[in-house]
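Note that the chains take the letters A, B, C and D in the order they are written out, and that residue 1 is the start of every chain.
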Amino acid sequence: MEKGRLEAFSDGIFAIAATLLVLEITVPHLEEGGSLGRALLDLWPSYLAYGTSFLTIGIMWVNHHSVFRQIGETDHRFLFINLGLLMLIAFVPFPTVLLARYAWGGNGEAAALAYGTTLTITALFFNLLWRYAAWDNRLLRPDADPVEVSGISRAYLPGPFMYGGATLVALVSPEASAALFLAVALFYVGSSSFFGSDEAAET
Amino acid sequence: MEKGRLEAFSDGIFAIAATLLVLEITVPHLEEGGSLGRALLDLWPSYLAYGTSFLTIGIMWVNHHSVFRQIGETDHRFLFINLGLLMLIAFVPFPTVLLARYAWGGNGEAAALAYGTTLTITALFFNLLWRYAAWDNRLLRPDADPVEVSGISRAYLPGPFMYGGATLVALVSPEASAALFLAVALFYVGSSSFFGSDEAAET
Amino acid sequence: MEKGRLEAFSDGIFAIAATLLVLEITVPHLEEGGSLGRALLDLWPSYLAYGTSFLTIGIMWVNHHSVFRQIGETDHRFLFINLGLLMLIAFVPFPTVLLARYAWGGNGEAAALAYGTTLTITALFFNLLWRYAAWDNRLLRPDADPVEVSGISRAYLPGPFMYGGATLVALVSPEASAALFLAVALFYVGSSSFFGSDEAAET
Amino acid sequence: MEKGRLEAFSDGIFAIAATLLVLEITVPHLEEGGSLGRALLDLWPSYLAYGTSFLTIGIMWVNHHSVFRQIGETDHRFLFINLGLLMLIAFVPFPTVLLARYAWGGNGEAAALAYGTTLTITALFFNLLWRYAAWDNRLLRPDADPVEVSGISRAYLPGPFMYGGATLVALVSPEASAALFLAVALFYVGSSSFFGSDEAAET
């Protein structure tokens, strides 16, 4: 299995999962005399959930490339850890609908738990993928930069804890939990935009 | 992040968003004795909305490449501006259904406003993406053609105003607004077909 | 616009349109005591429609590559003719559902007409795309093989007539028309498998 | 038809089919006072079916590449055998829904038979694709490794029998049949992870 083909397949799954998210936004069926404008405003939890999941999948795609940029070869275990990761990414649209429909209603707890559990396991798989490849330089490029390698190891560590924490918050307040998932994504975008710009890569 | 990979991911989102549009066309459920032919003709707003959005996404894909052709490197901010743009492109199928179902009925105003607002924000993001990259030649190729660069800057400027204008028309006539979105797309196709043919690129 | 990127985008649309076809096959909702096996057998028109459209899109994808193999450059008109072609390909899932649900029932005529009209217009666009590129060698590779070029011109000519003819048959018998669309696809697969094998291309 | 383009198109269909699987998981509509958490737990057959099909499609994608790695050229018959294979892969989401909804209920037999028949025919097509290419070295690379070639021939042979056997089990117990499909996938992942790691490929 060449690395390039594995990347292209993974990119495809990331892109399709992100684009399928829009199908979760239900077009309102209006009652006689109902106002479409009002119905569209009432869909705000769907827009929030769409934005949260799209950003989160986008960030995970960026991270996936950070991993693959350091990889020089692949083996079957790496292949299947990656397949497990993709299975979770492709699953995200389902808990996203749950979050959109139920997080701000009476069943918010289960919805936020389902969403958060999915993201937490995904973050665990990311750590597994990276640590399997980086352990003892197993699959790294011969010229992989040790500073960047240990930087990635450090950067991935808090992911499962952050998502796991935001998930546990759902037991107290599903709304706060849902807001935290968005905050995590926005914080990541913000911090890497302001502090990571020097990593610009020439083509 | 290499530019090629970013392009491939973006292309995937454009292609999927455009192809998902067909799912908005609802297959008619016929009453006893109903005519399928008649029901299919009554779906003309869906065909119009499909054509408008497909062309618009296609044109935005062409513009996305004009931007990337001038780009030599990327940074994290550029990456996330692009992700925001893709989030909007992938969202287009939703307001397209609204336009198809409601633009020519009693709730046309909200539908056309939702559609137009999406396209207007998308056009703003295109300007942001381009101006971020082109400002002070920040991310441009060293050999980027200054004439083409300033040509793109000029060409992208009217986009938000045109879409914003067509959106405001919805307050007076949703039907006219919907027609304008199609007209903008057809005008773009027509003008670049007749005046832009000399830009033919060798492989 | 580089040719490679245009091909990749087109390939994406072909692949997605073909894969979305499966969504048209409705999972049966069983009545109390209903037999799933029987319900699945009753879905045979859906399987036929799926097979017909998948093969047809696959064949059109093969033809699309025959065109692009002879192309050396592109221009804006070619770009938009291609976009029109893709808009039709991405539309195919809709008439496919119509064919699956209605071709073998009381409303077969409109369903087969809608399906056939889509394929006929698609075939016309294929001719337009090719003839625009080949006219006076406008966009052909400098080393394009004249024998292959005139072979493609001849091969594409009958498409609109075959599909148009099969469409008109719907006025007499929608079932025969639906069978003809499948027969055309199978005939193409069969004839190029048995007579075209010498065109094997080295990598 | 160049091999690279055929691979890219095939990869697209594999990726899209796998990602569409998530659409089969129906978001529960709760009765007044219903518990979402309970409803989500009751969906376990959907999660199982999702995991089984995602893994199976992933494994088939890995195998597809094993074939293509040995291929040096293509011909029209190979092209259409591959198209038939893709038609089956893209069909998998449909029997997956059947398995999810019906395998653990009163209509399990037909659901498991439909699922198993699809996988069995897919495995037959895989053998056909490979044996057509490998027969008398018809389409193999000139430098194809004879050991690897006969290894693939041996490895693909049991596929149809394993899937066919698991399908027949449905006549006795649909639940056991469904469990076997998952077991086959997990066994494949496990065995190639533990015994196949030395096949690591440098980039």
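What we mean here is this: a residue touches a chain if its C-beta (ideal position, glycine included) is under 8 Å from a C-beta of that chain, and two chains touch if they have at least 3 such contacts.
Since this is a predicted model, take the numbers as computed values, not measurements.
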Interface residue overlap between copies chain B and chain C, same or different (over half shared): different
Rotation angle (°) superposing Cα atoms of chain A on chain B, nearest 5: 90
Between chain D and chain A, distance of the C-alpha-averaged centres to the nearest whole Å: 26
Whole-Å gap separating chain A and chain C, where each centre is the average of the chain's CA atoms: 36
Junction residues of chain A - those touching two or more other chains: 8, 12, 16, 20, 23
Residue numbers on chain B that touch chain C, as the complex places them: 7-8, 11-12, 14-16, 18-23, 25, 27, 30, 34-37, 40, 50-51, 54-55, 58, 61-62, 65, 189, 192-193, 196-203
Chain B - residues contacting chain A, complex: 1-5, 8-9, 12-13, 16-17, 20, 23, 71-77, 79-80, 83, 86-87, 90-91, 93-94, 97-98, 101-102, 107, 109-111, 113-114, 139
